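Heads up, the next two complexes both have subunit A, just with different partners, subunit B and then subunit C.
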Partner chain A sequence: MLRPVWSHSAFPAGILALAALLFALAVNPGLLTTASMIGWSSSQLGLWVVVLGQTLALMGRGIDLSVGAGVSFVNVVAIALFETGYPLSAVILACVVLGLAIGAANGTLIGILRLNPLLATFAMSFVLLGLTLQIRSAPGGMAPMEAVRFMNGASLGIPNAMLVFLGVLVVWSLIAASDFWLKLRATGADPQRAWNSGLPTARLRFASYMLGGGFVGLSGLFVTLCVGAGDPLFAQPYTLLSIAGAVIGGVALNGGSGSGFGAVLGVIFIGLISDVALGIGASPFWQQLIVGCVLLAGLAAVVLSGGWLKARNDRISREMLAGGGRT
Partner chain B sequence: MSTTGSGRPRLSLAAVPHGGSLLIIALLCAAGWLVKPAFLSPMNIWAVLAISSLLAVASAGQTLVIVSGNQGIDLSVGSIMTLSALIVSGMAGSSNELLPMALGTVLVLGIAIGLVNGIGMRFLGLYPLVVTLGVSFVVEGLALVYAQSRAPQMPGTLIENIGIGRFLGIPWLVVICALVAVLMTVLLRYTRFGRQLYLVGSNVRAAQAAGVPVTRVLLLTYAASGALAALSGVLLYGYVASANLSIGAPYTMMSIAAAVIGGAALSGGTGTFIGTMLGALIFSLLTNLLITLGLGPALRYAISGLVLILVLFATSRDAN
Partner chain C sequence: MALVLEGIYRSFGPVRALDGVSISVAPGECRALYGGNGSGKSTMGKIASGTLSADAGSIRVDDRPLAAASPASARELGVGITFQELSLIPELTAGENVVLTDLPRRFGLLRDRKAEAGLAAGELRKVGLARVADQRVELLQTGEKYLVELAKALSRRPRYLIIDELTATMHASEVETFAALLAEFLANGGGAFFVSHRLPELRRFCDTISVLRNGKLVFDGRLADVGDGELVQWAGGGQPDDAAAITSPHAGKTLMRLSGIRPLASTPPFDLELCAGEIVGIGGLPDQGQKSFLRLIAGLRPPRDGEAARIGDEPLPLGSSAAVAAKGVSFVSGDRDEMVFAKRSIRENMLAPFVSMKGRELPGDSEITAALDRLSTRHAGIHMPIGSLSGGNQQKILVARCLLMNPRLIVAEDSTKGIDVAARNDVHHLLRDLAHRQGAAVVVTSSEDQELAELCDRVLVFEGGAIIADLSRSAGTLSAQTIVSAYMRQERAA
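Now for the complex of A and B:
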C-alpha cells in the first residue's frame, strides 16, 4: 500500500515550516532576497547540520546532550589551528576527525559501556565545555577571510551556505539509504528484539554516535567559517534546540522512527519563528516567550498528530488482517 | 521492561544501602584531606553541606518525577528556579514584609507550571522530556519578560539570612534540607501517596488495574516538582544574593544527575531522597575538592565531567 504523503513523519514539520515561512514572508517580504537569505542561512547552518547528528543519536534510542559543547569545542580548536597557521584543508580534516572522536567517546560510553545516554552525554558536555574554556575563555580569534567571505557569499543568487548544506544533505541521504540506517532503526525501535535477531546492537549504537559526532564536527567547522571567530559558548543553545527541532521534525524520542529531513524542517521552523517574532515588532524581551509558546505548541501538535497517525495505521492494518486475511 | 536475566552479579557494596555513594564520598573526603587538611575543617564541611543542601532540595522534585516513571523527567526545574528567584527579587525587593506574599506567589506559580507538565504528560500523552523541555522554553521567556523592567535588587535580610546565615551554628540551608528530607522520606515511605508513586513508577498498568488513581498521583508529582523547584529558586536567590537570567539553568541536569547517582533509575519505580542527597553531596564535594586543588573553572568542568562518568559507571548502568 502506498502511504499517503501526510502520513510521513516529517509531514507536520513540513506544514509548520511552510506556515512559518509564509508568515515570515508576510511580515518581511524581503526575506527571499539573496542578501537576507545569506544572513539567514549562514547564521542557521550550524544548527541545521548538528540536528542531523542529534537525529542519529535519537534514532538508536539515545540522545546527545553534548552537541552544543561539542560544536563549541570544534569551533575553538579550529580557530586555534588557524592561528597556528594551518591551511584550510587541514583544518577541515581536523574538524571532522575531532567530531568523529567526540562521537566515538560518546559511543563508547553508551554503546559499549552501556551508560545512560542522557547522563553520559551530559557528563561529556562538562568535559567538552571545560576543554573549550581551557583553549579560549572569551570570544575572539579569526578564521581566514576568504573562507568567511565565501560562506557569507552567494553563487548565482543562491547563498553558498545553502549550497554547502545541500552537500551535507547528500551525505545524509547516503547514510539514510544504507543498510546501517535500517539496522539502527531496528535497534532503536526495539533493542531487545533487534539483539535477538542477531543485530550487533552495541556496535550499531556506537556507530550512530560516532557518525553523529561527524556532523557535530562539520557543524563546528561551519560555525567557525560563518562567524569567523571562536566563541566558547556560542553553540550552547544547539543542544536543546536540536532535540526540540528533531522532535518537531517527527523523530521519535524512543527511537526507531523519523527522518533527518524532518529534523532539518523542525529546526528551520524554530529559526523562522524567531524571525517572525522579531519581524512583528515584538520587543526582544517578549521574543523568547513567543518563541517558547510556539515551540511548546509545535512539540505538542507534532507528537499528538504522530500518536493519532499511529493509532490510525494500527487500526487500518488490523482491519486489513480481519477482512480477507490478505497481507 | 524485559531485562531477561542478563543481569550481571552486583558488587557486594550494593548490599549496604547507598554503599557506592558513601564509598565515593569517603574517597573524596580522604583525597581532600590529603591535599589540604583544612578540607575537613568544620567551616569547609558546613560550606560544602550548605551548597549540597541547595542542590538536594532542587533535586527533591526531580526525584519524585523520576520515581514516577513512564519516562518521567523534569527539564523545567532550572528555568522554574530562575523565574522564582527573579520574582522574589522583584516582588519583595529588600523588604522582609513582602516576602511571604512573594513566596506564596512563586509556590503557586511553581505548582501551576508543574501541573502544565503533568497535564501535558498524562492527558496529552506527550513524553515528559518533550513537554518539560517545551515548558522550560516558555518559562525562560516569562523570566525574560519579567526581568526586563526591573533593576537588580539586593535581597532582604530575611532571605539573605536563609541563604547564608546559620541557625544554632548550622547553616539554614542545611536545616531546610533536613526538613525536606524528613518530609520526603515520610512521604515516600509511609504515606499512601508514596506507595502509589512507586507502584505507578514500576508498572503503570498494574497500578491502574490495582485501582491506584494514576492520574492524580502523576499530576500531584509534577505539581510537587514545580513547587519544590520554586522553593529552591528562592533558596538559591538567598545564597547567591542576586538573581539573573541564568542562575537556575545548571540545576536542571545536576538535579537529574544527583537523583540518578543516588540510585533513582530513569526507568522509574526506584529511588529515595536520601540517595539523592548523597548524590548532591558527591557533586558538591567534587567541586570543592577541585577548587581546593587550585584548578580554574575550565579544568574543573572537564574533571567533574570525567568523574561524573566514573561515578555513573560505578553506580548506574543501563540494564539493556
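Now for the complex of A and C:
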C-alpha cells in the first residue's frame, strides 16, 4: 500500500528544511555556489552523521548524551595518531573501531545492565571529556593536508563532503532495510511486548548503541578531516543539536517511530537557521535568541502538525478498513 | 510427550501467587486452566511460556527442560502463548507483528519484504484478516487484535499453546474463527491450555480442567465430571448470578436528557432519556458506536455538532471529562491500562476521581476499607500499589470507588472484562445497589449478551451508530436471545 508523502514522519521536517533553505537563499543568493556549499557541508558533515547515531539510540527508547563528547574524543585521538605517524587508512579504521567501542560501552550499561540511558550516557560524556582533555587540553595539531584539502574540495561541482555523506546515507539505508531495524523499532515502541514476543531486547538495545557509536566514530573522523585539527570542545553542542534535530525530524523521544532521513532533515534545518541568523547580520548576542526562537517554533510546528497528520491518516486508514470490511 | 509443569512456586512480594502447582497437557488435549481472580492461572500460563520465571519447580516440553525463563527459548521448544494484554506492537502493521520474530532475510541481513508479505498474508488469512496485513495494529478493532495475536502465536507452529482470555472481547463470529483454528491445531497433535472465565466456552473447547484457588491446585480431571455450581464456587465462592434480578423502585424519574446524539459521524442524530435508578445496557455487534456513545456522556470525546446533554436541571458540559465528573458522572473502563495508576497505592487510586471535585471532603481510610469489603477483594492493605493485585481485583477496586463518590450516573465500559464469575457477580451487585438503592443511572456495555440480559433493566441495541432495538425487562422483551436476534436480523439484512 502506497502511503501519501505527507503521512511520513519526516514530512514536517522536510517542509521546514525547504522553507529554511528558501529563506537562506533570499538572504544569501550565493549559497548554492560550489565554494559556499563546500564551506557549509564541511562544517555540517559531523553533525549530519552523528544524528544518525542519535537516531539509533532514540529508536530503541534510549538517548545518547555522550555523542558530542564521543566525537571530540575520536577527534583528538585521530590527531594524536596522525602526529605519531600513522597513515590515513589506519586512522580511519581506528576511528570507527573507537566509536564502536564507545557505543559498546554505552550499550553494555544500558542494554545489558539496564541503567537509565539518560544518566548512563550523561556520566559517560564526562568520562569521555576527561579522557579527551588528558590527550589534548587545547585546540591544536594537524591532520594530513591532502585529506583535509579533499574534504574541503569538490568533484564535478559537488562538494566532496556531500559525496561522503551520500556514502554514509547508503550505509544507513542498509540499516533501515534490515530486520534489525524493525526489531529495534518494536523494542523501542514497547519493550515488554517485544520481549514477550520473543525478541532479544537486551541484545537489540546493545546493538543499537554499538552501531550508533560507529556513527560517532565516523563523525569524529570527518570532523578531524574537515577541520584539520583536534579540539577537545568542538563537538560539545552536537549532543543536544542531534537530539533536537532528530525530534524535529520526526523521531519519537520515547522510541519506536521516526527515520534517519527525517533526523538528517532536522539537523539541516537547524544548520540553515544558524546560517540565516548569521547572514542577516544580527549581532552575535541576538543570533542565539533568534536561533532558539526559530527552533522552538519549528519544534512546535512539528509536534502540532504531526498530531494532526497522524489523526488524519488514521481516520483515512480506518475508513478504508471499514469499507473493506463491508464488501 | 507432554508439556509438564511440576511443583511451581512463585511469589510477588508478600503475595504467594503459586504454591507448588503441578499441571500438564498432552498432544491433542485442550485443558481448561480455571480459577478466580488472583488464583494464579495467568501466572501459571506466563511461567509455562517463559514470560515469567518460577521461584521453584520445573517446566518440561516433550521431556526437554525449559532452562531459562525467556519467551524466546520457550518458543524454541515449541510453546506459544496468546497474551490477554496482547504482545502486538501497536505502531507496527499486523503483518510485521505476525512475522516479527521470524523475519525472512536477504543476504542474512536485509528484510525480504516480498517473502515477508507472503508469509504474513498466509498466516493472517487463517484468521480471516489478510486484508489488514498492511494496517498498523493500533487501528484495528479489539476482536481483530486478538485474532492477530492468535495468528502470531500460531505462526511459529507451536506444539503447545497457552490461550489466555483470548475470547473475552471477541464477537461471536470471531469466536467461531478461533474455534475452527483450535480444532485444527488439536487435530494436528497440538496441546493447549485454555485460560478463561466463561463457563460455556470452557465446556465447548475443553475436555479436561485444572482448577486453581489461591495459588493451589484444587481439582484436576475431566470437565464433564464437574457442574457449573462447583466451578463458580471454586472461582471464589458465591452462586451463579440470578438473572431474574431485582427491579428498581426508583425507576421512572428522568435523570438525563440527551439530544442530537451521533455516535458515528455518518448516522442521523437521535434523542434519548435515561432514568434514575435504571441500568441501561448498550448492545449490538462490536464497534457499532457503543464506545463512542459511552465516551461522549463520560466527557471523554468531544461532542459533534448538535450533540447536547442535560443532567437533572443543568446542562452537562460534554467534552471535558473533569467537568462532567464534577456533575456526578463516574466512568469505569475494563481497559485497566487506561484506568489504573499501577504504581500508586490502592488508596490513592480510590481517591483519584476526587481531584476533579473541588470542595468535596476526601473519604477516610475506614470508608475506603468498608467499600472494598463489600467486594470481598483480596489485598495486603490499602497502601500497597494497586499494580500488585490481579487484574480482576484491580477492576473491582475501580468499581468500588464509585461507592465513595455517590455518583448520579455511572458509565461502565466493559467493566467486567476478563474477570471471573464471582467477581463479576460482585460488580453486578454493586451496580444494582448504586442504581436501585442510591437511585443512580447506570449505562453499561459488555461483550457478552448474556451479561447484559442478566444485569440490565433496559438494553439498547446499536447498529451503525443508531438504536435499532429498545428492549426492557418490565415489558418482558429482554433476554440474551432477543438481543442477539435484534442485531443478527440487521446483519442478515445488510
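Just so we're on the same page, the second predicted complex is superposed on the first by the 312 of 327 C-alpha atoms of A that agree within 3 Å, B and C clash if a C-alpha of one lies under 4 Å from a C-alpha of the other, contacts with A are read in each partner's own complex, and residues count from 1 in each chain.
Assume contacts are C-beta pairs under 8 Å (C-beta built on N, C-alpha and C of every residue); 3 or more make two chains touch, one makes a residue touch a chain.
This structure is a prediction, so every number in the text was calculated from the model and none was measured.
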Quiz item: Touch check for A:Ser178: first (subunit B), second (subunit C), both, or neither?
Solution: second
Quiz item: After superposition on the shared chain, which partner residues are touched by A:Gly198: those of subunit B (first), subunit C (second), both, or neither?
Solution: second
Quiz item: For subunit A, which side has the bigger count of touched residues, subunit B or subunit C?
Solution: B
Exercise. Using the touch definition from the top, say if A:Phe122 reaches subunit B (first), subunit C (second), both or neither.
Key: first
Quiz item: Which holds for A:Asp314: it touches subunit B only (first), subunit C only (second), both, or neither?
Solution: second
Practice problem: Once the structures are superposed on A, label A:Ala189 by its partner contacts, choosing first (subunit B), second (subunit C), both or neither. | Solution: second
Quiz item: If you look only at subunit C, which of its residues touch subunit A in the complex?
Solution: 51, 70-72, 74-75, 81, 83, 86-92, 96-97, 100-101, 103, 105, 109-111, 131-132, 134-136, 138-140, 152, 494
Self-check item: Touching residues (chain side subunit A, partner subunit B) in the complex
Solution: 65, 109, 113-116, 118-120, 122-134, 137, 191-192, 240, 243-244, 247, 253-254, 283, 285-293, 295-296, 299-300, 303-304, 307
Quiz item: Touching subunit A in the complex: which residues of subunit B?
Solution: 2, 4, 71, 73, 120, 124-127, 129-131, 133-135, 137-142, 144-145, 147-148, 253, 256-257, 260, 266, 297-306, 308-309, 312-313, 316-318, 320
Quiz item: Tell me, which parts of subunit A touch subunit C in their complex?
Solution: 1, 174, 177-180, 182-183, 185-186, 189-190, 193-200, 256-257, 314, 317-318, 321, 324-326
